[in-house]
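These notes are about the structure you will find just below.
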Amino acid sequence: MGSTRRLRSAASAVAAFVLLVVLWELAKLVLPDAGVTVGGTRILPRTDDAAMPHVWTVLARLGAPEVAGAAEPRAVGAAIASGALFTLGLALGGLVLGGIAGVLLAVLMQRFAVAEKAVLPYVIASQTVPLIAIAPLVAGWGGKIAIGGWAWEPWASVMVISSYLAFFPISVGMLRGLTSPREADVEMFRSLAAGWWTTLVRLRLPASVPHLVPAVRLAAAAAVVGAIVAEISTGTRGGIGRLIIEYAQSATGDPSQMYAAILGAAVLGLVAAGAVGLLELALRRYRGSVA
Amino acid sequence: MSAPVGGAAAAGGVGAVAGPGRRFRGVSVIVAPVVFGAAVLVVWQLVVTVGGLPAFLLPAPTAIAEQIGAQFPVLLETAAVTGGNALVGLVLGFVLGVLLAILAAGVRVVSDLVTPVVLAASAIPIVALAPVFTTMFGSTTEIPRRLVVMVVVVVPVYVSTARGLRQVRPVHDELMVALAATRRQYTRFVRLPGAIPYVMTGLRLAAPAAVIAAIVAEYFGGLQNGLGSRISAAAANTAYARAWAFVAASIVLGLLFFLAGLLAERLVTRNRPGGAS
Amino acid sequence: MSTERNAETNAAGNAGISAVELQGVDKTFGVVRALAGVDLTVAAGEFVSLIGPSGCGKSTLLRVVADLVEPTAGTVAVAGTSARQARLDQRYGIAFQQAGLLDWRTVAENVELPLQVHGVGRAERRRRAVELLELVGLAEFAGARPAELSGGMQQRVAIARALAPSPGLLLMDEPFGALDEMTRERMQAELLRIAGETGAAVLFVTHSIPEAVVLSDRVVVMSPRPGRITEIVAGRRPPVAGDDLVPDTVEDVRETAAFFEAVTAVREALRKGAATEGHAE
């Protein structure tokens, strides 16, 4: 039963993406090249090759050299892959940094009621506020400050922004998890004369796993978005975000290279989500504890 | 953030776990964050003015406040552009998300096809689609940014609505069978009204996300008349206090959308429609 | 008014047609025999309880009667027709352990639900809801939301809802299972009064021996693996003599020797059922 259902959902996922490709090509075939404009507003897109390249053109572009006639030609696909890996590394670093900070803050808030009351409203509000807007500002740190002899590199700005975005979902999810044990369980630990630390390690941490996993999933997606946006606004070279902008500016007549890079960014997001999925699998034994 | 709890409701829920006296808690819920916020501002000001923190790292709150005053008309203008884009995208995405979820709940094939796409969309950086829409619709219209917002909004609204439509209590299920209700009656009396809190939760989650998407989409090119482009332009000109002024406006705009979403959720779930004609 | 209408329905019902007739009912879930060869007749206006340990199939049996579960074998007749037809015609009302009210509707709107499903007009629905809420003693809560009501009150609304189409048969699946003991006893008296006033037959699933005895004309004792009827014991349902008298009579019944005898008889029957189960395996 379970395996047929999994097969079905895998098949329907493939079908869904095939359908998207078909819709794209159908739009190119059916709609006028210049799109449809009503009262000066274009309500349907331009569908010529300069706006919506064929799917196969985009894919073929992966194998083409990045810059025609360069001394050491590098395939677009290779550039995108290395850019995506670079960004993935930064996002992962941001996720780890933000995760550690988030967990620590959550433990602090669980331990001290005053800390929770003072800080939590800001944590909640910050989730709903466009924090990513400060990305161009953190970018200004690059090359201007040094910490203990180590000059601040632009990629560090990217990682800071990425960790900033990953931090909030994790701290909120973790706090919810730490406070999730039932009153009866907490009282049981108290009756055993277990201290705060024992209760934390033996009860609250295991109980927080089911809340933490979805938080990490959110945080991972936020870290990837943060890294890409930060690369763009800091002008950090080497990552997929910068690649998208470079390709967009260099190829106005032929956007397929840019589309390939965007595709790479999408794959990057899926890879990050897949990694969280693996983590979830590893922590499966704790899943039953959430009601 | 999954069930119709979260946001401020979650804050209240978590806060209610500890807390000695009811009265003390009632006061400290307001006082503690206000004191904390004021303390942060004072320390920030002192660190910058006394500690000599360079402006590119962090300008002083007073400098930012000054810029807010100086730039006020521009702030309003750009915030209106960004807010307008966020609002149009939010409405479009909300309607699309709810309709898709209702369709998916009724037709299995639709659910099979739409669900994987939406799940994938929740994992990928949707704002990176901004250049695609700009190429397709041209860089002189607001449409690309609105479309980015729409796609960003569809995801939480669809996921939340679909969950609400699935979440029928077994006892209601049995009751409707026992009453020999038709499929349409079942949908009208039980499934749709039962899903409404979830729909509103989706809207509340999506509202601030719409603002964020509208701002970030500007970093990817297209028309440069909103808050996002002002922030990057000011930062590029090393006018950091001015940039922070626009960040502050972004924060206010985001909070406005969040509070509006929260209010809508509260209003609708308080006077829940009877489902009766 | 409603009483008159019900009296008519049940007068017809009393003219020979049983509320429920089960013959050789079998139900298998995969390899589990939930019900094996169940024969049971519930006369019009009769109060019959189903009692037995978990897994004896009493809830399944109730669901077979309600046409929520289809039997693997055997025949089911409800109010002289098939279970399916009886469901389509709303010949029975049903109440579950959870009240299962729709919390976005007012109390009155919840009571109206079965009538609304069957296309009864708004004015008529309103009128009937007022009557039924009076019957269960909740007239002043018509405009309240279910969340504002206590568990016992919610369950009374659920009973009023079950009675909305004036059914000749009431199916109840541990309706008082989630209530505290005091509320529970009060609800039992209420139910006896309502059953007496409407003249409806009741098929009542319960875990509680005293509850089964005090409510029922007959107590059907069941045993598990496979689910079957092992014995039928006479209950001690008090006679109905007008609205106000019933609570007292119920209290009186609980203290009679006959009540304790019946309780003992049911307990013995349950024990015997458990014993034969042990032998069978």
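Order as written gives the chain letters A, B and C; numbering starts at 1 within each chain.
FYI, contacts are C-beta pairs under 8 Å (C-beta built on N, C-alpha and C of every residue); 3 or more make two chains touch, one makes a residue touch a chain.
The structure presented is a predicted model; accordingly, all values stated were derived computationally and were not measured.
A.B. asks: Weigh A-B against B-C on C-beta contact pairs and write down the one with more.
C.D. replies: By number of C-beta pairs in contact, A-B is the larger.
A.B. asks: Chain with the smallest distance from its CA centroid to the overall CA centroid?
C.D. replies: Central chain is B.
A.B. asks: Taking mean CA positions as centres, which chain lies farthest from chain B?
C.D. replies: For chain B, the chain whose C-alpha mean is farthest off is C.
A.B. asks: Find the geometric centre of each of chain A and chain C from their Cα atoms only, then give the gap between the two centres in Å, rounded to an integer.
C.D. replies: 55
A.B. asks: Could you work out how far the Cα centre of chain A sits from that of chain B, in whole Å?
C.D. replies: Whole-Å distance between the two chain centres: 17.
A.B. asks: From the C-alpha centre of chain B to that of chain C, how far is it in Å?
C.D. replies: 49
A.B. asks: If we count contacts the way the header does, which residues on chain A are in touch with chain B in the complex?
C.D. replies: 8-9, 12-13, 15-17, 19-20, 35, 41-43, 45-46, 50-52, 113-114, 116-122, 124-125, 127-130, 132-137, 139-141, 144-145, 172, 175-176, 179, 214, 218, 221, 224-225, 228-229, 232-233, 241, 244-245, 248, 255, 258-259, 262, 265-266, 268-270, 272-273
A.B. asks: Which of the residues in chain C come into contact with chain B in the complex?
C.D. replies: Against chain B, the touching part of chain C is residues 66-68, 87-88, 90, 92, 94, 96, 98, 100, 102-106, 109, 112-114, 116-118.
A.B. asks: Provide the residue numbers of chain B that touch chain A in the complex, in ascending order.
C.D. replies: Checking each residue of chain B against chain A gives 1-2, 7-8, 10-11, 14-15, 17-19, 28-29, 32-33, 35-37, 54, 56-57, 112-117, 120, 122-125, 127-129, 131-133, 135-138, 141, 143, 207-208, 211-212, 215-216, 219-221, 227-228, 231-232, 235-236, 238, 240, 243-244, 246-247, 250-251, 253-255, 257-258.
A.B. asks: Provide the residue numbers of chain B that touch chain C in the complex, in ascending order.
C.D. replies: 169, 171-172, 174-181, 185, 189-190, 193-194, 196, 272-276
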